[in-house]
Amino acid sequence: MGAVDSVKNLRQTVADLHRELTRYGLVIWTAGNVSARVPGEDLMVIKPSGVSYDDLSPDTMVVTDLHGNLVEGDLAPSSDTAAHAYVYRHMPEVGGVVHTHSPYATAWAARGEPIPCVLTMIADEFGGEIPVGPFALIGDDSIGRGIVETLRDSRSPAVLMRSHGPFTVGRDARSAVKAAVMVEDVARTVHFAHQLGTPAAIDAAAVDRLYERYQNVYGQ
Amino acid sequence: MGAVDSVKNLRQTVADLHRELTRYGLVIWTAGNVSARVPGEDLMVIKPSGVSYDDLSPDTMVVTDLHGNLVEGDLAPSSDTAAHAYVYRHMPEVGGVVHTHSPYATAWAARGEPIPCVLTMIADEFGGEIPVGPFALIGDDSIGRGIVETLRDSRSPAVLMRSHGPFTVGRDARSAVKAAVMVEDVARTVHFAHQLGTPAAIDAAAVDRLYERYQNVYGQ
Amino acid sequence: MGAVDSVKNLRQTVADLHRELTRYGLVIWTAGNVSARVPGEDLMVIKPSGVSYDDLSPDTMVVTDLHGNLVEGDLAPSSDTAAHAYVYRHMPEVGGVVHTHSPYATAWAARGEPIPCVLTMIADEFGGEIPVGPFALIGDDSIGRGIVETLRDSRSPAVLMRSHGPFTVGRDARSAVKAAVMVEDVARTVHFAHQLGTPAAIDAAAVDRLYERYQNVYGQ
Amino acid sequence: MGAVDSVKNLRQTVADLHRELTRYGLVIWTAGNVSARVPGEDLMVIKPSGVSYDDLSPDTMVVTDLHGNLVEGDLAPSSDTAAHAYVYRHMPEVGGVVHTHSPYATAWAARGEPIPCVLTMIADEFGGEIPVGPFALIGDDSIGRGIVETLRDSRSPAVLMRSHGPFTVGRDARSAVKAAVMVEDVARTVHFAHQLGTPAAIDAAAVDRLYERYQNVYGQ
C-alpha cells in the first residue's frame, strides 16, 4: 500500500477512533486526541486543535511530520502534537498515541500516585503497576520526554503525567485507544477499592503469567 | 425443539444479551462474556475471544463442548470458556453464566470483601451476602472450581472472584445477565452507603421472607 | 372526560413516564415503578410486575382498585401495588406515586439517614430535609403505612424507606417522577459534599422563602 | 446583521446549546439554563422557566431586556433571569451566561470550598482556583451581585455560588457552556483526587504560562 492510500485510511481510522473516547467518557468538549504513525513514513495523522468531536471527519484530520510541522490539512494540529511526535521519534515500535484527561486516571495523576497492580485486568494489559510521569509544561519536548523516559522502564502502555492526565501508546492507534479505555477503567475500579480498604497486590509471578498469556493467547 | 434449532436460537439470545452488559456499563472494550448451555446437549454457546461488542451477531457466536473444545464457529471462544464449562459440568441446574469486570463489584472483589445484605434488593435476589471466591489464575480449572465451591455454600447467583471480578449464574442466560446487572447495582449502592457510615444488616428472618417471596411471587 | 378516556390516557402517560426512570439511571432491569390515580375513581394505573422497561406500552399497563385488586389488564400488577394503593387511600391529594432503588438515595436509606437541607434545590423542591421511613416488609400494608406516616410530618414529596429505597408522591404521576429524579440528584450531590467535609445547613427562614417561591412562582 | 436577524440566530444557538448541558449530565429535569446577550442591544435570549429540555426550540426561547422584563416570547423567562441580567449589565465583556446544578461543582459549592488549581486543565481554562461566591437568595439582585463581585477578583469564568451551584460566563454563550462543562469535569477529577490524598497545587508561574498559552494559542 502506498503512502497516499495509507494516509487516506489513517485519516478515517483516527477520526473514527475518537468516537471511542466519547463513548467511554474519557474526554469532554475537545480535550483529548488520538494520533497514528504513517507506516514507513516520517509522518503522523492527528486530531486538529480545539475541534469538537462531533465535527471530526477524515478530511478534518491533520498530517504532520515527526517534529509536528504541518504537512497536509487545513487546520492547526492538536496542541499536544509535539508530545505525540516526540514519542514516535523515540519509540519506533509505537504506531499510535492517545491523550485524555479521563477523570479517574487523572485523579491518580494529580496525586502523583501509580495505580497498583491489584486486579487481573491490570496484570493482563499493563503487566504491573501503571507508572507516573513527571510534571512537564506544554510548549517544548518536556512532555514527550517525560512519557518516553517513564514508559522505557515499564511494560505498561500507559503513563499518568503528573497534574495532567494519561498518555497511552500501542502498536497502532486502536491499541493505544484500548489502553486509554482500560487505564480509566482500572483507575476507577482501584479508586473504588481503595475508598473502603486496601486491596492486596497480585504477586509478581502471577502478574507475569497473566501478562504473558493475555499478550500472546487472548483474542483471535 | 431439536438441538440444531436450539443452537440457532441460543446464538441469537446470547449475542443479544451482550447488549445488556454494555447498556448497564458492566463491560468495556471486549472484557466480559455471556454463555448459555444448550438444553439436553453437552454443549454451550459463548462469545468469541477479543471481539468488540459492536461486532457480535448470531453468526460470530461460538459453540463448544463442556470442556471448552470448539464444536462450531469460525472464531476462537472466549478466554474464559474453561471457567464457564466447568460450571456447566458441575452445576446441572445452571443454564447460563456471565462474567464481567463491572467496577463496583470488582472493587469488592479486589478487597476480598463480601457485599453485606443491607438492602431488600440483596435479600430478594441474592438471599444473603454476596460471597467472595478465591484468587485463581486463568489457564486451567482453577477459576471454575473456585466459582462452584463458593456458590455451593450460598443462595447467591453471584460470586466475587478475588482480584478479578464477578461471575454470575442462572437457570438460563437471561437470568445470569440479570444477576450480573443486579450485583453491580447493589455493589454500587452498598459502596455509597459504606462511604459515609455503616448500614445495618437486615435480620436473617426478614432476609428469608424477602428471598422466598421474590423467588416465588415476583414477576409474571 | 369520562373514566374510560381517562384510563386510556393514563395508560399512555404512565407507560411513557417510566422512560424518565431509565433516562436518569434511577432503575435497572425491572426494579422500579410509576402509578397514577384515575381522577374521580377508586382506581389506579400501574406497571406490571417484572416486565422490562423496553416492553412497556399503554396496553401492558395494569388497572387496579385502591386495594390492589386487578380490574383491567392481562398481567399481574407490580409487586409494590399494595404500597401505592395504601398511599392513594390515605393521601387524597396524591395523584401519582413512584418507587425506585436509585443508588444514592438508597445509600442514604440503607444508613437510615435523612438528606440534610444544604442546597437551595432541596429547599425548593423538598422544603427541608428528606425524611427516612421505617424498615417494612413487603406483603401487607407496612410499607404504605410507613410512607404515609413519614410524609404526613414533612413538606417533602420523597421518603427514604430504610434498607429499601425512595418512594415519591405528587399531585400527578409526572410530579412524582420529577421528585424521584430530584431526590436522586440531591442525594448524589450531598453525598459528594459530605465525602470531603460537612456542608452547612441552610437556615430555616431561607428554606421557607425558597420553598414558597419555587412552589408558587417557578415554571409557566 | 440587524438586531432581528441576530435575535433569530441566537434563539437557535441558545436552544441548541442546552443539549450540551444534558449531554454532559450537568442538568436534570428543567434545572439549568443558558442565555446570550444580543450584540449591540440591551437584550438577552434565555430559556423559559420550567420547560423540559426535550421541548426547547428556537420558538420557545424568550427575549428580555437587561432587567429581565419580557420583550418577546410566549413563555415566562427562567427564574434565574435576574441573575443573568445583572451579569450582562455589569460585565460588558460577557456575551453568555450559564447556570447549572452539576453535581460535583455543586458539592464544592455546598461546602463553600474553592476548587484548587491542581490540574493543568484548571490552569488552562480557569487561570487559578475556581472561587466560591456568597450564599444569596433568589428574588432580587443578590445572586447577580455575588457572581459579579466574585468574578471581578479572578481570571476564572466560573463561580461556585454557595449552597447553590455554578454560574459561568464567556465572551459568547458557547464559551460559557464550555466553562460549565469544564468546571464540572475538574470539580469531579479534583474530588476524586482528594478522596485518596492531597494533590499538590501547580506553582503560580506555571499556572500563568499554561493560562497564557491556552487562551492565546489553543484552537483554530
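A, B, C and D are the chain letters, set down in written order, and residue numbers restart from 1 in every chain.
Just so it is clear, a residue touches a chain if its C-beta (ideal position, glycine included) is under 8 Å from a C-beta of that chain, and two chains touch if they have at least 3 such contacts.
Everything numeric here is computed off the predicted structure, so don't read it as measured data.
Q: On a CA-centroid basis, which chain has its centre farthest from subunit A's?
A: C
Q: Same or different, please, for the subunit B to subunit C contact, judged on whether over half of the interface numbers appear on both copies.
A: different
Q: In angstrom, rounded to a whole number, how far apart do the mean CA points of subunit A and subunit C lie?
A: Here subunit A and subunit C have centroids separated by 44 Å.
Q: Which integer distance in Å separates the CA centroid of subunit A from that of subunit B?
A: 31
Q: Could you check subunit C for residues that touch two or more other chains and list them?
A: 195
Q: Every touching chain pair, please?
A: Once each pair is checked, the touching ones are A-B, A-D, B-C, C-D.
Q: So in the complex, the part of subunit C that touches subunit B is made up of which residues?
A: These residues of subunit C touch subunit B: 28-31, 48-51, 75-76, 79, 101, 103-104, 106-108, 110-113, 135, 137-139, 163-165, 191, 194-195.
Q: Where on subunit C is subunit D touching in the complex?
A: 24, 118-121, 178, 181-182, 185, 188-190, 192-193, 195-200, 202, 206, 209-210, 213, 217-220
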